[in-house]
Each structure stands twice: as C-alpha cells, then as structure tokens.
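Below, chain A partners chain B and then partners chain C, in two separate complexes.
Moving on to the complex of A and B:
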C-alpha cells in the first residue's frame, strides 16, 4: 500500500476507534493518578494574592454555582479556595444562586472542614460553623442576593442552609453588606460571574473574581483585562494552578484533584491534536489528487 | 384590557427597575429593596409552581396521547412525586418527620442527589468530549486562510493550557494567554457591545409596548 493511500485510509477511521482511543487516554491516567506540576499564570496568581491579603475584619464570599456537569473542573477550585481561606482564618460566606449546586457546595464544605478539623489540636485551630464560615444557601431569583446583599446580607439570607437565624451567628456580627466583603469569587459554568460584575460590582463596588470552565473561558477574559475580575481561574489547569499555589505557599499537602486530572487532559488534548493533523493530511492529499 | 393590563404592568415595573440605578435617594432605594426582596420572591414562587405544573401537564398529555417515548414521561412523573415527598417531608439531609433510611441505607435528598443526579449529569457532559474529538477530526480542516489561522490558534491554546506545552517551550503558555487576552478579547468585546445594544433596544421595545411577542401568539 502506498503512503498516500494509507494516509487517505487514515482519514476514514471509524468514530468508534476514536472514541476507544480517547476513552483509554482519559481513563488510564485516572486509574493510576500522578500529580502534574504546572506553571502558575498571572490570572490565578492575582486571585491567590487577593484572597491572601483579605484583612481579618473582612470576609470572602464563594458562590458555588457549578452543577454535576461542570463539577470535575470547578470543584477543585472551590476546594482549593476553601483550603486557602481556612488556613488563613479568613471568614467565608458560601452561597449558591441555583438549587442544583447546593448539594455540591455542601459536599465540598464537608470535605475541607473535615480535613482541617481532623488535624486541629484546639478549638482555635478548628474550623467552626457560624464562627469561621456560614453556608447561606439559596435565595431565588439570582438578582435578589446579587443586589440585596449590597444593602443587608442577613436581610436577604434571614436563615442559613441549616435553618439557623443568620443574624445570631458570630461570623455575621461584623458583616453587614458588601462593604464588609473583600472579595467575591463566583465558581460557575454559566454566565453568572458576568452578572456579579453587572449588578454587584457596578452598583456596590465589591471586588469580583471567577472560576470558570475551559470551554467558556474565552467569554471572561475581557472582564479580567479591564480589572473587573480581580483574578480568573479557567478550567482544570486553573484549578491545578491554584492547588499549586496553596501547596507551595501555604504548605498544605492534600489530595489535588485538578492536578491529578491534568495527565488525562494532556493526553486527550494531544490525541485530538494528532487526529486533527491526520485529518488535515488526508484532506490535502485528497485535494492534490483531484 | 386583557392585553393592555400586562403592557401597563411591564411599563411601570420596567421603569421602576431602571430608576434605582440612577437615583440613590433612600425612598427610591427602599422601594426597590421591597420590590426585589418581597414582591419578586412571591412572583418567583408562583413561577416555580407554574413551571412544575406546566411540566407535569406536558408529560401527562404525552402519556395520554402515547407520543414518541411516552414511557419516559412516567419515569419523570414518578421520580418527581417520590423526590417531592422525600424533600418535603424527609428534609434535605433526612432531618424531617418522614424516615429517609432503611437500616444503614439512606435515601434522603442529599444521598439521591449525590448518587443519581451527579453521576447522570457528569456522564451526559463527559460524552461531549467524544463527540468533540470525532467532530474536530472530521471537520476541522485548513480549507482557507481564516480556517488555517483558527486551526493554528487552537493548537497553540490547546498546547498552552496543558503542562506538556510548557515542556515544549516556556513561551507557549504565555502565547496561549496572549491569544486569550488580546485577539480573543478584541472579538469578544465587539460581540458584547452588539449584544448590549441589542439588549437595551429590546428592553426598551418591551417596556414601551412595541415588542409584544412575550404576550403569546393567541388572540
């Protein structure tokens, strides 16, 4: 068989073969996980520094708004952010703008608090609900918390996710509205981070950052470029970069889900690139022979 | 009256939605606060009931008329009823009056969510990767100068966001970042301006009653 015939034949690979190869390169690295080190880029570094410099009298809001579909990319970001905030004893307010993400936010919170509390030696070291963090839950529609928290957080969220009256919680004693919030990070697979900018930042001036999926990243760079986003994490690599910062700067050595998923991501990208090259070689040979 | 009253409401509330962004006076801000925190929440609750009612109606109708794949509608209705009962009377984490565990087997909302919704959602989304790989192999061709440019940019971005790209060259991740920061932003910003102007124009048309498609197609 001539080389050209072989290359043309390659362009007609059955889609099931492509699926099989892709499945193998994605699954195998997940079965045998290794942590991939990454170079931290500026958008993630800026976000890390913004969280790191939150003063004790101010708080961090994390909007967990990812759903099961985008959980693999966005959950590691949430976990890394929580580890960072808890390690620095930054007050954290957690919320979701939709119902679906509540269960995932709860799962991430449970994981990180258990991590910290299993190593705590005193009450001061522990991460205590109501003192160090609060899970505000969900208030529909999204516009209400976005604008309402500019006036009063406890008015919008009169009860937390567990039914406690928010104004009785210790953490909320010094937190009234956006003036007491140093940074709001929106982790979302949708366009919600833009809405935080449009409603909360434009009107009340709160600093906003975002963690978004790789596929939607292109939509958000304009907000980062103008400074409307204090920092930006994009996709699995963004999460891995934040994990890298948390480990190298804070010395927290815990499971790094995004970093462990990077080999899968790398091989999948390389396979797709190789297939595109093969497809194009075949296309050029066919075009030349015509 | 049937058409004029909704148009009148949209006009009033459309204007009331704009004013608080322009006038910081406490009277205006407090009114806006009341409208958003009280009225909007009540409306949202009604919308939720209407939405669920509509969902059930559509699927009941599908079963009644035995439309294509009507059997799946039973699954939806049964799942809806079961999860509603568990959620309403059992509580999210099984703290309600209804028992939500049999021995050591829990079936509260959080457990159902983590074990059914999460795997289903993740599976559906994961399938996308396979279709994207197959589609890009068959359709991503350097047919013209623009297509070649797009292809080159996508290769740089794809390589730049994986650690392997950094090993090929330290400049590759920075180049990928530059593509996202400069050419991408230039294009996106143009689109965004267009979308924003279009949104303002449509909003004004709806507030002023020029655009009436939202009233429905009936008489």
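Moving on to the complex of A and C:
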C-alpha cells in the first residue's frame, strides 16, 4: 500500500476508534501520574495577589455558579480560593445565582472547612460558620442580588442558606454593602461574570474577578485586558495555576484535582492535534488526486 | 483498588456510563439517563422556588401576615396563567411587559457602559492605555496589533462598499484576525470538553473504582 493511500484510509477511520485512543491517553496518566510543572500565568497571579491583599476589615464574595456540567473545571478553582481565603483568615461570603450550584457550593465548603478544622488546635484556628464565612444561598433573579447588595447585603439575603437571620451573624456586623467587599469572584460556566461587571462594578465600583470554563474563555479575555476583571482563571489549567500558587506561596499541600489532570489534558491535546494534521494531509492528497 | 460501597456513588457511576454510551451510538440507556437528569434538575428547581421564594417572599406575607400590598405582585404573577385561557390570553402581555421593561431599563445603561464604552477605551491607543495594560515589554506591540486587528476586522464587516483597494486589503487582514479568533475559541473548546471527560473519569476511577487516589 502506498503512503498516500494509507493516509487517505486514515481519514476514514471510525470515530469510535478515535474515542478509544482518546480514552486511553486520558486514563493512563491518571492511573500512572507524572509530575507536570504548572507555570502560573499573569491573570491568575493577579487574582491571587488581589485575594492575598484583602484587608481584615473587608470581605471576599465568591459566587459559586457552576453546575454538574462544568464542575470538573470550576470546582478546583472554588476549592483553591476557599483554601487561600481561610488560610489568610479572610471573611468569605458565598452565594449562588442559580439553584443547581447550591449543592455543589455546599460540598466545596464542607470539604475545605473539614480540611482546616481537622488540623486546628484552637477555636481561633478553626473555621467557624457565621464568624469566618457565611453561605448566603440563592436569591432570584440574578439582577436582584447584583444591584441590591450595593445598598444592603442583609436586605437582599435576609436569611442564609440554613435559615439563620443574616443580620444576627457575627461576620455580617462589619459588612453592610459593596463598600465592605474587597473583591467579588464569579465562578461560572455562563456569562454571569460579565453581568457582575455591568451591574455591580459599573454601578457600585466593586472589584470583580472571574473563574470561567475554557470553552467561554475567549469571551472573557477582553474584560481582563480592559481591567474590568481584576484577575481571571480559565478552564482546568487556570484552576491548576491557582492550586500551584496556594501550595507554593501558602504551603498548603492538599489534593490538587486540576493539577493531577494536566498530564491527561496535555496528551489528549497532542492526540487531537495529530488527528487534525493527519486529516488535513489526507484531505489535500485526496483533492490533488481528483 | 477499593470499589466504593456507597449506593449514591454507584448510581452516579452507572448513570455516567449510561450517558457516555452515546459515544457508541444513541440508545435507550442514554435516553433514560438524559431524561432523568432533566427531570431531577427541574423538579429540584420547582420545589426550591416554592419553598425558598414563593412561600416566604409572597404567600406568607400576603396570607399569614396580612400585608395587603403583596396582592399586586400576586395578581400580576397570576396573569401569566391566562396564557392557558384563550379568551383572556392577551392579559399575559402585562407581566411580560413589566418584566421586559424592568430588565431593559436596568440593562441598557449598564451594557453600554460595560460592554461598549469600556471596550472601546481598551482598544484606543493612549499612553494611559499602555500603562494600565501592564503587559510587560511586549505591551506596546500588542496594543498596536490589537488596534490594527479591531479596525481591520470591523472593515471586513462593512458591506456598504465593495471590498476593493484599501478596504480589500484591510478586510483580508481582518479575515486573518477572525480566523485566529476562531482558532483560539476552538482550542479552548477542545480543552473544555477534554476537561469534562477527565472530571468524569476521575470520579469513575477514583470515587467509584478506587483505582486512583
């Protein structure tokens, strides 16, 4: 068989064979993990620095807005952010603008608080609900909390996710509205980070950063370039970069789901690039032979 | 290897495999898992709306605490259901009109400021723009590339004049920028889809089968 015939034959390969090859290159690095250096890019570094420099009298809002479809990319970002904030004893306000993310936000919160509390030696070291963080829950439609929190957070969220009156919680004593918020990070698979910019930043001047899925990353970079986003994490790579910062700067050595996935991601990309090249060569040979 | 004994992990794993079976071909298992997911998600949302929003924010104040002012949003909300009564279905325009009016009023000034004015500012070549971009030594070069790229891309979408002469050249350069944009978007899409596959496999191989830790 001539090489050209072989290449043309390759273009007709069954898609299920490609799926199998992809599955193999994704699964093998997970079973036999290799060390891959994570290079931290500027958008993530800026976000890390913005969180790191939050003063004690101000708070961080994390908008957990990922659903099961986008959880693998965005959950590592949320967990790394929580680890960073709790390690620095930054006050954290958690919310979701849709229903489905509520359970996932609670899962991430439970995991990180348990991590910290299992190593705490005193009450001061512990992460305590109502003192160090509050889960505000859900208040639809998204426009209401985005605009309403500029006036009063406890008016928009009169009760937290667990039914407690928010104005009775210790953490909320010094936090009235966006003036007391140093940074708002939106972790979302939709266009919600842009809405935070349009309604909350534009009107009330609160600093906004985002953690977004890779598929929507191209839509968000221009907002980082204009300075409308203080920092930006994109896809699993963005999550891995933040995990790297948390481990190298704060010395927190915990499970890094995004970083562990990077070798699989790299090999899968290589395989896809090879298939694209083979497909294109076959296409041009076929066109020339006609 | 330590296989999970938790029933919910098993249910999640079997449903994940059912969804992934679509890669082979469309089949009843996939359809079952897909319908179950949509049904559960909607059921969860409806009950959450009822217990966390409608009851505490509308029904309790109106019917238990006697706050009569709440009758106005209650009636306006009810008008949505007139859609099912052909004779008075036109009344549905009232709540729709209020909702659209509220959103349009809130979003027009915000969108113009955030999506148009700020983005144009980010494209204009000014000393301030160069400083705030803070892209290191390559900042100036990238600013110029961005400026040229935006102008050429816009010229490609200008259809009131034939694409000849200068407009022909700029529009051809514009196509290159558009293609680079599409390429970046495609690359990110591949990354996102593979990431989702990795996430599922981490669950199947880790939480379910216990092969990875």
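FYI, the second predicted complex is superposed on the first by the 285 of 290 C-alpha atoms of A that agree within 3 Å, B and C clash if a C-alpha of one lies under 4 Å from a C-alpha of the other, contacts with A are read in each partner's own complex, and residues count from 1 in each chain.
Following the convention adopted for this analysis, a contact is a pair of C-beta atoms (placed from the backbone, for glycine too) under 8 Å apart; a residue touches a chain by one contact, two chains touch by 3 or more.
As the structure is a computational prediction, the values presented were derived from the model and not from experiment.
Chemist: Return first, second, both or neither, reflecting whether A:104 touches chain B, chain C, both chains, or no partner chain.
Modeler: So A:104 only meets chain B here.
Chemist: In the overlay, answer first, second, both or neither for which of chain B and chain C A:140 touches.
Modeler: A:140: touches chain B and chain C.
Chemist: A:197 in the overlay: touching chain B, chain C, both, or neither? Say first, second, both or neither.
Modeler: Once the two structures are laid over each other on A, A:197 reaches chain C alone.
Chemist: In the overlay, answer first, second, both or neither for which of chain B and chain C A:228 touches.
Modeler: Only chain C is touched by A:228; chain B is not.
Chemist: Which of the two partners, first being chain B and second being chain C, lies in contact with A:217: first, second, both, or neither?
Modeler: In the superposition, A:217 contacts both chain B and chain C.
Chemist: Return first, second, both or neither, reflecting whether A:264 touches chain B, chain C, both chains, or no partner chain.
Modeler: Touch status of A:264: second partner only.
Chemist: A:39 in the overlay: touching chain B, chain C, both, or neither? Say first, second, both or neither.
Modeler: A:39 sits against chain B, while chain C stays out of touch.
Chemist: Between chain B (first) and chain C (second), which does A:28 come into contact with in this model arrangement: first, second, both, or neither?
Modeler: Neither partner.
Chemist: Answer with first, second, both or neither: which of chain B and chain C does A:120 touch in the superposed model?
Modeler: neither
Chemist: Would you please give the residues of chain A that touch chain B in one complex and also touch chain C in the other complex?
Modeler: 19, 22-23, 26, 42, 69-72, 100, 102, 140, 143, 147, 203, 214, 217-218, 222, 225, 234-235, 237, 265, 268-269, 272
Chemist: Please output the residues of chain A touching chain C within their complex, sorted ascending.
Modeler: Contact set of chain A toward chain C: 16, 19, 22-23, 26-27, 30-31, 33, 42, 69-73, 99-100, 102, 137-138, 140, 143, 147, 159, 194, 197-199, 201-203, 213-218, 222, 225-228, 234-237, 257, 260-261, 264-265, 268-269, 272.
Chemist: Show which residues of chain B lie in contact with chain A when the two form their complex.
Modeler: By the definition above, chain B touches chain A via 21, 29, 33, 36-37, 40-41, 44, 48, 92, 109-110, 113-114, 117-122, 124-125, 129-130, 132-134, 136-138, 140-142, 151, 155, 158-159, 161-164, 166, 170, 173, 177, 180-181, 184-185, 188-189, 192.
Chemist: Which residues, counting only chain A, touch chain B once they are in their complex?
Modeler: Residues 13, 15, 18-19, 22-23, 26, 36-39, 41-42, 67-72, 100, 102-104, 106-107, 139-141, 143-144, 147-148, 151, 155-156, 203, 214, 217-219, 221-222, 224-225, 234-235, 237, 262, 265-266, 268-273, 275-276, 278-280, 283-284 of chain A touch chain B in their complex.
Chemist: Taking the complex as given, what residues does chain C use to touch chain A?
Modeler: The touching residues are 23-24, 41, 44-45, 48-49, 52-53, 56, 103, 106-107, 110-111, 113-115, 118-119, 121-122, 132-133, 135, 146, 181, 184-185, 188-202, 205, 211-212.
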